[in-house]
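Structures given as structure tokens follow.
Two complexes are shown next, each including chain A; its partner changes from chain B in the first to chain C in the second.
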Partner chain A sequence: MSSERKRHVIPGEVITSGPYRAEQNTVQVGENIVSTIVGLSDVHDGSVRVIPLTGGYVPKDDDLVIGKIVSHSSLSWTADINSCYVGMLPASDVFGRDYSSSSDDMTAKLAKGDLIAARIVNFDKTRDPLITISGRELGKIDSGELVKISPNKVPRLIGKRGSMIQMIESSTNSQVTIGQNGLLVVSSDDPNGLLKAIQAIELIEEQAHVANLTDQVKEMLESKSE
Partner chain B sequence: MSDGLIIDQLKRNQILDLLKEGKRVDGREFDESRQLTIDLNVIPKAEGSARARLGDTEVVAGVKIQPERPFPDTGDKGMLICTAEILPIAHPSAETGPPTPDVVELARVTDRGIRESGMLDMKQLVLEKDKSVIGIFCDNAVTDHDGNLFDACSYASTAAINSCKIPKYEMQDDAPVKVEDQFTEPPVTTLPVSVTMAKIGEYILVDPTIDEWSIMDARITITTNSDGNVVALQKGGHDGFTAEELIKCSEMSIKAGAKIREIIKQTK
Partner chain C sequence: MGGRDTDIVLLDENGIRCDGRKVNETRKVTIKAGVLKNANGSAYIEFGDNKILVGVYGPRDVHPKHMSDTDTGILRCRYHMAPFSVGERKNPAPSRREVEISKVIKEALEPAVMLKEFPRTAVDVYMEVLQADGGTRCAALTGASVALADAGIPMRDLVAGCAAGKAADAVILDVNNEEDQAGQADLPIGYMPNLKKITLLQLDGILTPEEYKQCIEIGIDGCNQVYEIQKKALQDKFFANGEKQ
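After this line comes the complex of A and B, so read on.
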């Protein structure tokens, strides 16, 4: 089926009318399909959706996020995950099932200000998301540079099947841990590579809405990497 | 304010590692303030106003002037009151509602610097002794918070008061009456400039950013006047300063303050 060119839309704007399915960030009003957010409309295969250009992070099950420990009670830590919701990390996730609030010292494992790579285990919008740090590539982050971008631009940073981020990683010799909540940790042994990677990420954040971004980033990465 | 802010461990280590090499995260010298720019008369309806930008910290100060009944013990002096408020747009941690202790401190330190320096000759602001005096109210609104609000508020207030126009009042039947379209210059005698320094470990940094602010052990705000004399001082944080450190801080505040004073002078 034909697909229309992407268009900038604002809330309330009619994207199209006719026999289309209203998908992400759109509603059907009579015949018309109307956007509910600021973004790029995408009419494709009989469905209409809007790719957001702004907005915060809403947790989703199985998302990898980067969080900052802000406090703890006797049973769980609270992590700032760059969202209107805070992440709840139960103490038993770190200490195991036989956790005892009297004998185990929670701050010895994770203190205020520590950064963690975590996964959203369970979230249903009625209570704060449950997160875990047990698993591959999860846990406390000890080194690297924290970079914050808009959560909406994370898919653009990753690129199709990870093409964009792989390009950045390989050409700057760095490793990037991407949280779906817009927080990234960039680490590299080479300080120039680290700076370059951060510059590339900032470029993507700034230019996420334009076409042929990949070429621009490629040019930028090659330009100063003699 | 930012005292309750939690900085992530990576940033903290980065700042501490750089300090050991004698550097700061934004590349400044230890005794160097951020770039200060001041725009005057940003509020058309106020008698005086200024917007001060100290790096990414931004404060708007407005001066309102009106006749007041003097306090019983200071019937021969005008009235000066400085307030401060952190607007919710300034920082995610800022909330509306009654002022927190940090904000109360901010207002008091700003007020004290101007008051104790004797910036204005208050005796010239009397309309009739014990009956009516001119009241100068300087309100500071923090619109962007990147640390060191003390100094930003001090600079904005000083610039706003320094450039204000005092409407002329005359006493008629024991009541002050405004004389339309007649203004006088404020009786400015000196320009107070506050300089806040943060102590992180053994290092003392002038004009800390919000990141440096959130990891500092102690802070001290020293206000100096145009003659380079210390006129007010406020210390905060849980750590202390040694006698040598205090001397060093006061020297730094005089040196850094002189540069700032020139900027405030030039913007009039």
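After this line comes the complex of A and C, so read on.
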């Protein structure tokens, strides 16, 4: 199927009319499909969507997010995941099924202010998103630098099949954990590499709309590597 | 409302108004989106001599909790005039008029904003009038809808505001302070230009059915002109430097 060029749209702007499916960030108004957000329209295979350029993070099942523990009750922790909804981390996720609120000390495992890498298990807007920290690459984060970027720019930071982030990681000798919610943890044994990786991320955040950004980042990474 | 007595000539024999405009001409409107760092979305609008700053927060947690709605998000608006926005110092406490304008602006934005997408949350819109010169509710509404779009809140359409009215027995577009004080009628309109729907309509004064129809007609025309400026403000912020491939 033909795929039209991406176009800049603002809320209320008609993207196309005809037999298309209105998907992400669009609504059908009579014959027309209208954007609901500032972004780039994408008409592809009979469906229309708009890639947002602004806006907050809305949790999605299976997303990896980075959160900060804000409080806990006797049965669960709540974590700020940079969204309008807070993440719920049940105590049984950490202690196992035989968790008992009288014998297990929740603050010993995760205290207020701790950072966690978590995955969204279930979210449907009627309740706060359920998150888990059991799994590979998940759990409490002990070291690293926290960097915050706009959630809309995360795909740009990752690049096509991870090309951008791999380039940053390999040339600065650092590891970057990317949360889909726009929070990142950068860690490295080499302090210069850490600084350079953060600078590269900030450059991407600023220049996200520019074409051939990969070259620019590459240049920046190489320029200071002497 | 016969209008207050005044020395000002509201409309001269050549059809020119007290500030040099023609009857169907709006004041100069400029809008800048994204002027505040700490708000999720913001806009600064100059509508003639009106200067208004709008900040949008949200969607975010609702406090107090009992206001939250499990079916939909809620919209909260605060229209406020700074003490120095008018000639004589205005008491900064919310007046009866400000409460009313906050309410009508909220109701004018609600049909456009798709709050159902964010149940149990609130979107807060703060409109601060820095300088007032008649027609602030339309200007604040116009700025608020740009700020909402800047915040990335899904909307069916932008809402543009512009008033029509009657002064010196002529139907005029975009009533300014003098014309509001000494004129015969003021009819603010909020309008969604793509959906072609009116979201705000108030009338202060007396109009004949014919004048009323005429006012609506030129008012909508004014809203369409304002809409083009809103569009440009958003394009300038998001698409100005460099194209994405």
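Here, the second predicted complex is superposed on the first by the 220 of 226 C-alpha atoms of A that agree within 3 Å, B and C clash if a C-alpha of one lies under 4 Å from a C-alpha of the other, contacts with A are read in each partner's own complex, and residues count from 1 in each chain.
What we mean here is this: a contact is a pair of C-beta atoms (placed from the backbone, for glycine too) under 8 Å apart; a residue touches a chain by one contact, two chains touch by 3 or more.
For clarity, every value in this text was computed on a predicted model and none was experimentally measured.
Who does A:Ile158 touch here: chain B (first), chain C (second), both, or neither?
A:Ile158 sits against neither chain B nor chain C.
Looking at A:Lys125 after the superposition, I want to know if it touches chain B, chain C, both of them or none. Which is it: first, second, both, neither?
The answer is second: A:Lys125 touches chain C but not chain B.
Output check: A:Met167 vs chain B and chain C. Expected answer is one of first, second, both, neither. What do you get?
Once the two structures are laid over each other on A, A:Met167 reaches no partner at all.
On chain A, which partner's contacts cover more residues, chain B's or chain C's?
C
Looking at A:Asp114, would you say it contacts chain B, chain C, both, or neither? Reply first, second, both or neither.
Only chain B; A:Asp114 stays clear of chain C.
Regarding the shared-chain residue A:Leu195, is it in contact with chain B (first), chain C (second), both, or neither?
neither
Considering only touches as defined above, state whether A:Glu145 meets chain B (first), chain C (second), both or neither.
Touch status of A:Glu145: first partner only.
Give one of first, second, both or neither to describe whether A:Leu64 is in contact with chain B, with chain C, with both, or with none.
It touches nothing on chain B or chain C.
Hey, what residues of chain A end up touching chain B and chain C alike?
Common interface on chain A, chain B vs chain C: nothing in common.
Touching chain B in the complex: which residues of chain A?
Touch residues, chain A against chain B: 68, 70, 80, 111-115, 141, 143-146, 185.
Chain A touches which residues of chain B in the complex?
6-12, 14
Okay, in this complex, where on chain C does chain A touch?
It is residues 40-41, 58-61, 70, 112, 114, 118-121, 149-158, 192-195, 231, 234-235, 238-239, 241-245 of chain C that touch chain A.
Which residues of chain A touch chain C in their complex?
Contact set of chain A toward chain C: 6, 8, 10-14, 25, 27, 29, 34, 36-38, 40, 52-56, 58, 84-86, 125-126, 152, 209-212.
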